[in-house]
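Remarks on the structure that follows.
By written order: A, B, C and D. Residues from 1 in each chain.
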Amino acid sequence: MRKIPVGVLGATGMVGQNYIALLSDHPWFEPRFVAASPRSAGKPYKEAVAGRWHLEKTYKAATGELVVADANDVSTAVEASKRGDCAFVFSALEMGKDEIKALEEAYAAAGIPVISNASAHRWTPDVPMLIAEVNPHHTDVIPLQQKARGWGKGFIAVKPNCSIQSYMTPFYALIEAGFEIRRAVVATLQAVSGAGYPGVASLDIIGNVVPFIGGEEEKSEKEPLKILGAVSGGGIANAEFPRIAAHCNRVPVVDGHTACVSMEFGEKKPSIEEIKRIWRNFKALPQEMNLPFAPVQPIIVRDEDNRPQPRKDGGADKAMAVTVGRVRPCPVFDARFVGCSHNTVRGAAGGGILNAELLKVKGYVG
Amino acid sequence: MRKIPVGVLGATGMVGQNYIALLSDHPWFEPRFVAASPRSAGKPYKEAVAGRWHLEKTYKAATGELVVADANDVSTAVEASKRGDCAFVFSALEMGKDEIKALEEAYAAAGIPVISNASAHRWTPDVPMLIAEVNPHHTDVIPLQQKARGWGKGFIAVKPNCSIQSYMTPFYALIEAGFEIRRAVVATLQAVSGAGYPGVASLDIIGNVVPFIGGEEEKSEKEPLKILGAVSGGGIANAEFPRIAAHCNRVPVVDGHTACVSMEFGEKKPSIEEIKRIWRNFKALPQEMNLPFAPVQPIIVRDEDNRPQPRKDGGADKAMAVTVGRVRPCPVFDARFVGCSHNTVRGAAGGGILNAELLKVKGYVG
Amino acid sequence: MRKIPVGVLGATGMVGQNYIALLSDHPWFEPRFVAASPRSAGKPYKEAVAGRWHLEKTYKAATGELVVADANDVSTAVEASKRGDCAFVFSALEMGKDEIKALEEAYAAAGIPVISNASAHRWTPDVPMLIAEVNPHHTDVIPLQQKARGWGKGFIAVKPNCSIQSYMTPFYALIEAGFEIRRAVVATLQAVSGAGYPGVASLDIIGNVVPFIGGEEEKSEKEPLKILGAVSGGGIANAEFPRIAAHCNRVPVVDGHTACVSMEFGEKKPSIEEIKRIWRNFKALPQEMNLPFAPVQPIIVRDEDNRPQPRKDGGADKAMAVTVGRVRPCPVFDARFVGCSHNTVRGAAGGGILNAELLKVKGYVG
Amino acid sequence: MRKIPVGVLGATGMVGQNYIALLSDHPWFEPRFVAASPRSAGKPYKEAVAGRWHLEKTYKAATGELVVADANDVSTAVEASKRGDCAFVFSALEMGKDEIKALEEAYAAAGIPVISNASAHRWTPDVPMLIAEVNPHHTDVIPLQQKARGWGKGFIAVKPNCSIQSYMTPFYALIEAGFEIRRAVVATLQAVSGAGYPGVASLDIIGNVVPFIGGEEEKSEKEPLKILGAVSGGGIANAEFPRIAAHCNRVPVVDGHTACVSMEFGEKKPSIEEIKRIWRNFKALPQEMNLPFAPVQPIIVRDEDNRPQPRKDGGADKAMAVTVGRVRPCPVFDARFVGCSHNTVRGAAGGGILNAELLKVKGYVG
């Protein structure tokens, strides 16, 4: 099977590098178009990232030879698309929110589907914010989006913030099993790779904790409501619950976000054993369709007291699974647990690739 | 003024070293008796800790010359007491809980007051568990304790676990101002020095988080209820509120525990500004009596978004103040904040010394 | 092809776990016999390591079911050998040096070849200390060893200390190319995993450096001389050069030892470019024979100023390659460089497995 | 005694903050003039550093009220000088080397002595590069400098790079005692605070080592030669020895540089015991004159195997002493040791203040 050619916008940045690395041996997709800031434009990719490659995993030689395009110039992507080198783009753009918003729209208007990591369009009502295991049906707004804007095959789909990945799938599995979650207090211990590069200064975080990440608590509290919302009218109508209070902390961890969660159920309350069973048995569309980046088990439940830990569990199942542990009663609400997921894979580029796989099997890209 | 001679049980261990270091320039107390395990007994203190001294701060030359006694042998303390070298002891014993319980009782029965860091007697009803700014009146159970057990001037007083220090004084300041706290969800990010030495293996914690500390959540949830309780009958009757859910995490921080707290008030709810004002104005007995180890302000409120941080704020005001920040509304409960305090000073040896100062001015020791 | 059944002595310890993990998908070897201390003996392996498994990588389900034998009882290994479950053992024993010495001899005497990570037999003259790319011909002492001791097919082969791996292969490649190395000053920055578990206390190393590792400098200075020695008489005669001065430091890194090396050549001195070319072109027996654990390139030369780094380069080529960089003139000696290798894989279990592969193709085991 | 009013150029940067913090309770000097970039100019100092204060130690309320001047505008310093608010300035400027060079000259030409941390003038032959214990007589070039340039009481004096502090005073003590040092190989393990703020990205250094610091090895090798040089003609003539090879590494340590040193003496070679005795007995002008920032003992020798360590020893004696340990024979050269000093105090602002104290007692400022 010939691989689908894909583009990466912002390919030289931290998230862009993760896309390039993860796509290096993807069975369906192949990076054939890379775009970045004017500073990198015109250089072979390998030159543009020389001395600035931040990952252990590297890229294919062929990718290194791709000449970087100027991401601001949509026409190069259109040309790449015409010559069969860019069926859609992953957006890992790093610029002002308004600029990203306009630029992603320009790509979509030009007929290039945009699967984005940026937060710019997360609150655009007709743009789906996808976690492939949780709200794959939200892709239903794509035709509405295309129609409303007069776009052809172009569209925009986004993924949520990395901070919510460690508890969003566990929440959904319980909700799907019939247990409403009314309220939750969540404290996250987030890795520095979530801040990009150079990101957090080492002087601020070695042997220290910074109990604040700008904008993160707001995203953590609001994004779940759209993800759990219903397709309605021309867009997504937010869910009302769960009401979430988030405390977001930066800790000296390289990769892997941990979340301590206390949750209050509605009238129907599962036992601790039921919760664990529901999580262990949870499978969703990506598993059923056997998507390449889908973890075998979306939620791995560990019974040891001292797990999950970001360094040991963040990489579970291609770094795409959420690992949970310490499932136990909560003296204030009903139950509590610790969740952990890999922020730059599941929470960023890997999550975007899984969304692309979902959109491929649904026929929106490819 | 001649200094009061004091003893330290478990003087070679981690907490014991902290006592020795903090007492090295104390204006009232002077370490004149040191006891430890039989392995150290008979050696000069400086030899017993050679190559095993874990702190930056050091001890006085005279202390180094003290010959270490066997802590299991109460008679040496009695002799020291008789010759004027041991008015009371700080207990930093590291052995089984039941052994500590019995041994502390033996010292008290022999007429030596015991001011303890150990958890052994925290739930003995007639033993006060003191935070000098919160429940100094709990010393009222000491005469009852002495009478019930037929002890002379010996008694036992303890301090609570280090994990609750970052929020207990803030809670109390609000309660004292008339605002009942009904429920709280607390996530702590705790320093490795809290686990003693060797404590946490570096392989477990470098670049990692361990979301579990044995027994810590139970202590964090229960101890506040005794501290906020009332002297009643022959002991302390626990308070009913606040109901607390604790999530205790170990993080790669050397000193300083951080707590993320969401709290629900009773019917009377203070505004965020009121909370900050109450905390900024809070003073208690140790401040009024100008005790040497009392922080000028028990609660320091910071307005910057990214504070408190354990490395920058743990040492505030002789490492005896609690620093709070990010005081803001809570979408699930009423208000939330981040608290930070130094676990081995305020939370351990420094807190014990402040308790001793309180007991001194109240006439129980000295 | 049926896999060769192998045993692991000390299978529940840190190095033992590394063996089990690395063997989990080995193409030639299969762990079928596991032995450990009497405490673990009699339990299924999975129970013996429950809550004590320190690695990200895990083991096969079948290995988890193996019942742990008492490593002190050689007869169980002999029985395993007879029933076809133990062609040879990897020794990752953790006990006193003399005990290990005697026990490894007992296994060998009983006909079980021992491929050891322990330091006990490193200075036994007729025991080869192997780095598969450097001194594969030292296996020639094995028949002498067997004969002298009256052993049948049993024998002992060891590997050197992890601290020398980052510069030993680079040294050898230059020596083999005709450039004698007379003197070298080496400063190592060593990862905590090299100390086993629990190993280094987190209180000692977070945000700190410990400029001492017991016995490490002596090993670093002496072991290269045996490795570069000649088979002579009934054993190995040490080489005279290079004379090495080692400064061994522990740093807060999880895996990967780094070495800063200044070296003085004999009369024939290579240029910096020659050094890099020699290293880039270096291949040895493991590469020629295409051994499964052999890195494609034993020495990877990087040109960026800021590499190698343990976190980014330690894992290069299955964590079996040595990565070098900063090759430049030395104002005091002739040339200097930085070397980096993975201490628990290349420097421990992976190196042992590569030695076993070498011994297999040479017909000593299997 | 009225304190001498001093200025700090670059007062809002990392080194500038260190100056302000260390001067907050200085017995002789008082910060009364602060200058920084145009961005901060016109604001009260406390506003200019709000949310950007990086230190535990803080500044005096009065300093917080000082209005920040534009450091590029020398005339404001001249005015401050005229009204008695600026007897001299500490330069902690952060801009291009040529700009700093010109600007420091402009201040000096305008009659304001400049005591600088910048590297810009380190190689100007008539500018002394001072370590107060090592080359206090180099101040003799100041009158030559003033005369050659036609300056009045203005002049420039600098301090060397922080990386050499851990071995430069130990080297000098031996040289002064008659033992020439011919060659040395030095490997440094340097703290992140040496890189300023934001400096090293946390993603690069958590759980990692970076074996490269731009320009640092060159400075480490060359600066000692000027410091050990002789006043000759109109400037300083470099010493010929020791020839130094430096390997500079960044490690995840907040404060405190560690150096592993192998040294070769000339014909006269001290024993290990002699070296330790010389270091223990070493005193110099700052000690004799009892300068406020002078450590009581410039070199502290520790006998424990595992010291010095940056976290435990960096702060020794007001963070102004050098702590050495592991003094032992070197199999390649003659002797080796580990040195440790605090890079932002002894190696930066504290060293500058000590130089100012020296210049004060010599009558050059004040």
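In this section, a contact is a pair of C-beta atoms (placed from the backbone, for glycine too) under 8 Å apart; a residue touches a chain by one contact, two chains touch by 3 or more.
All figures in this text were calculated on a predicted structure; none of them were measured in a lab.
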Higher-contact pair (C-beta pairs counted), B-D versus A-D: A-D
Centroid-based (C-alpha) most distant chain relative to subunit C: B
Inter-chain centre distance, subunit A versus subunit B - centres from mean C-alpha coordinates, in Å: 44
Distance from subunit D to subunit A - Cα centre to Cα centre, in angstrom: 47
Intercentroid distance (Cα basis), subunit D paired with subunit B, Å: 40
Two or more partner chains touched - positions in subunit B: 204, 206-207, 252-254, 305-306, 311-312
Interface residues, subunit A side, partner subunit D - complex: 54, 192-193, 197-207, 252-254
Residues of subunit C defined as touching subunit A within the complex: 50-51, 55-56, 206-207, 254, 304-306, 311-312, 315
Subunit C-facing residues of subunit D, complex: 183-185, 187, 189, 204, 207-212, 214, 221, 243-245, 247, 249, 251-254, 258, 260, 262, 305-312, 325-326, 330-333, 336, 338
